[in-house]
Amino acid sequence: MEYVNPLTGFRVDGRRPNEMRQLKGEVGVVARADGSALFEMGNTRVIAAVYGPREVQNKGQQVNSKDALVRCEYRMADFSTGDRRRKPKGDRRSTEISLVIRQTMEASILTHLMPRSQIDIFVQVLQADGGTRAACINAATLALADAGIPMRDIVTSCSADLNYIEDSAGGPDVTVGFLTKMDKVTLLQMDAKLPMDTFETVMDLAIEGCKAIANYIREVLLENTRRLECQRDH
Amino acid sequence: MVGLSEGEKHFIRGGIAQDLRTDGRRRLQFRAISVETGVIPQANGSARVRLGATEVIATVKAELGKPSILHPDKGKVSIFVDCSPTAAPMFEGRGSEEFSAELCVALQRCLLGGKSGAGAAIDLSSLIVVDGKVCWDLYIDGLVVSSDGNLLDALAAAIKVALSDTGIPKVNVSLSATTDEEPEVNVSDEEFLQFDTSSVPVIVTLTKVGKHYIVDATSEEESQMSSAVSVSVNRHGQIRGLTKRGGAGLDPSVIFDMISVAKHVSRQFISVLDSETLAAEAAE
Amino acid sequence: MDHHQRWHPTVNEREFIERALQSDLRVDGRRPFDFRRLKILFGREDGSAEVQLGDTRVMGYATAQLVQPYKDRPNEGTLAIFTEFSPMADPAFEPGRPGESAIELGRVVDRGLRESRAVDMESLCVVAGKHVWSVRVDLHILDNGGNLIDAANIAALAALSTFRRPECTVGGEDGQQVTVHDPEVRDPLPLTIHHLPIAVTFAYFGEGNIMVIDPTYKEEAVMGGRMTATINSNGDVCSIQKAGGEGVMSSVIMQCLRIASVKAADITSKIKNEVNSYTSAKALQKVKRLPASALKKDNAPDVAMKESSDGALETQSTKPSSDGQQINKEPPSVVEDNKQEDVEPMLSECNPEPQSESRLTAGGSDETQEAISPKSLKDAVKPKHKIKKKQHSKINV
């Protein structure tokens, strides 16, 4: 199976090699949450809901009295993958992804402004078609903004596939979480053997993706603010 | 889950007693319902149902399997429910398991019939491909995305719509191998068979608050309930299942009363659901 | 969830550590890019190693058993990493269910080894689709002095490098019967390790402008973020884990990778030297136990040398065929061979220089190894890999 058609230069799904998947972001999809968002990247679709800042529920978890406690749970719906199977809750993979998402969001949340409080971020994968953790981070950013939680920057995430850079077998991908204004990488995950130069190219590509997503997310948020403003006027 | 002050509780109960609920509805009035079909393309059928701020997704996946030895002429259907923590922080971790299981059992009771599969809302013998060898296994998954009360009715409605949205691939069995060997099965990519979903019921839950009962309770209203009776009714007005929750006892005559009210309400509910489904299918 | 019991520095301690770092000083006197003293000890049995990295101590223990392979990879063995965080090592580790950090550590070490295909999996196949070796590495955290990932990774590599699995042959009427030979009868075989992926962890302080390598426990409590780069001595990046936290510029990340590749080369040679001295010591022990075989040494060096190189070839070539036919050719003289085989490792390892050199080059030039020998095989397997990987990424990413 060729990932990039050598004649046309298009990928299997009809995209150009460095074209990003279709993005869709929507704010306020879970009525009772303090903030929520839906984010789609191609066929990957996730929902994030934010509850808080609220009182710390379990005092034992409070890290210190200076910062807010941020918690995160990542969950996949049983029907989110092609083959249906029961997914055990709290397996090793979702525990790690929860940790990764939590620490990535912590890099942008101004936790010192909300001491002794707790912020819960829940992400639910409805459809998994690659890049779920990136989609979750983008959804979480939108949901946090929707909840009005102070952030120092918009953190977005994008994964770049290697397939179309060099026609190597397998799909080693690099996932980057990026703080756009600060121009800094907070999340970086990669597994595959790559020469360092190639890695740099892929990482740069993923960073470009993050910047594009940040632009999109900013648009969604602006649009939402305009809508809210309209509603207030009436 | 819901933190209410004494005044708020009083207001809710008083409103119900006067047939004017906090959101302006009458006691036997549903919230606005919206339906979307085909929301999960990987599934054979799927639907999203919103009842006010409650939102659920139901999917149907069909996989080829082997019929059980006891019922070689029937396919299998199973139902699972999961409550996402996005709906409420209390569903975090294992917090949703107990509640999900309760919803799941209630749905199984209404849809799957007896142990033998007799009386199931889905004709299990229509799922058979080769007697005793190959059948379709249907996996019905319900996911609660946002919760504002009346999850059971919303899930049952979503499952009903998802089932009517479901297309099962047509299967060609090669005749040569119908003897002892594993039959060769050819699953078609183009032709799909639809279910007969006419006998799939909806569930109407009557929640008793004070002396009265209401339909489609919000979570604030549910927090004030003494008991709730869920009645599943099909298109023909037949009762398919009955579940009572909550500690308080009910006089049998009240239950009969509730059943007939549920039957009456279900007729309207089914017709609203039907028209919404048609609109959703047209929009898809 | 397990971080709430972790030691928290006081405001003064935190300031002291941070202030010192601003002038490139670390509380234990190291420079920013120095590792702590690394010590690798081996146990009495093959495949067990204890790593001490400063105050951090991790024990690695490799074992193997015959299992049925995964359906989607019928001709590959398996490798799994298990972690045990003893409460003895750190009060923050709760007994029972592994915490987040234990899971993260296990997955980082596991990915570094597996996704870079460090251990040859095809050579662990005995009968395709039926029997393969399942290698398991247990990592026990004995003392948490900080930077567990790097120490655990080295422990896993050291354990795998000295691990020997029993030799087994395939026979019987259907060619499916597997005989596992007693290690006393036939020398157990080492794993084929293509390269050593070394984890190097950086800790970031301030606003991501200050970084140090190999953080201690106290530095970890103060740091704003962390990145583990798993890199081999060729400078191939095998895995990177930066799970959020303080952001850093991408140029800084590349700088870290370059530093990491230098460190990886150092640690690789350290591991290889330690492993070599362990194996030669082990070989000498055997000679002492069997003085009779020493006599043979004089009259059989040529034969034995040939055998040893044959053996080396064999481990390579069993990879593609995987039906064990080749092994079957030599057994008639098992009993006779017995002694000779005992001599063989001694012969090759009595003179450690050429041996260690060959080992180093074998590890160092693994790209040539990969490029030349199993190329045909790789090509044959390629399309399947592609599909497999694709699915994998679909589900797992």
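Here the chain labels run A, B and C in written order, and each chain numbers its own residues starting at 1.
Going forward, a contact is a pair of C-beta atoms (placed from the backbone, for glycine too) under 8 Å apart; a residue touches a chain by one contact, two chains touch by 3 or more.
Just so we're on the same page, UniProt names per chain: B = Ribosomal RNA-processing protein 42; C = Protein ECERIFERUM 7.
All of these numbers come straight from a predicted model, not from anything done at the bench.
When chain centres are taken as C-alpha averages, the shortest distance to the whole-protein C-alpha average belongs to A. When chain centres are defined as mean Cα coordinates, B lies farthest from chain C (Protein ECERIFERUM 7). Rounded to a whole number, the gap between the C-alpha centres of chain A and chain B is 32 angstrom. One inter-chain figure worth recording: chain B and chain C (Protein ECERIFERUM 7) are separated by 52 Å, centre to centre, where each centre is the mean of the chain's CA atoms.
Across the assembly, chain C (Protein ECERIFERUM 7) contributes no residue in contact with two or more other chains. For chain A, the set of residues touching two or more other chains reads 81-82. Not a single residue in chain B touches at least two other chains.
Chain B makes touch with chain A in their complex at residues 40-43, 46, 52-53, 55, 57, 59, 61, 63, 80, 82, 84-89, 92-94, 97, 139, 141, 143, 145-148, 219. On the chain A side of its complex with chain C (Protein ECERIFERUM 7), the touching residues are 1, 60-64, 81-82, 92-93, 95-96, 98-107, 128-133, 159, 161, 169-175, 177-179, 182-196, 199-200, 203-204, 207. Interface residues of chain A facing chain B in the complex, by the touch rule stated above, are 29-33, 36, 43, 47-49, 51, 57, 73, 75, 77-82, 84, 86, 89-90, 120, 122-124, 126-127. Taken together, the chain C (Protein ECERIFERUM 7) residues at the contact with chain A in this complex read 1, 3-4, 8, 100, 103-104, 106-107, 111-112, 115-117, 208, 225, 227, 232, 235-250, 253-254, 257-258, 261, 382-383, 385-390, 392-397.
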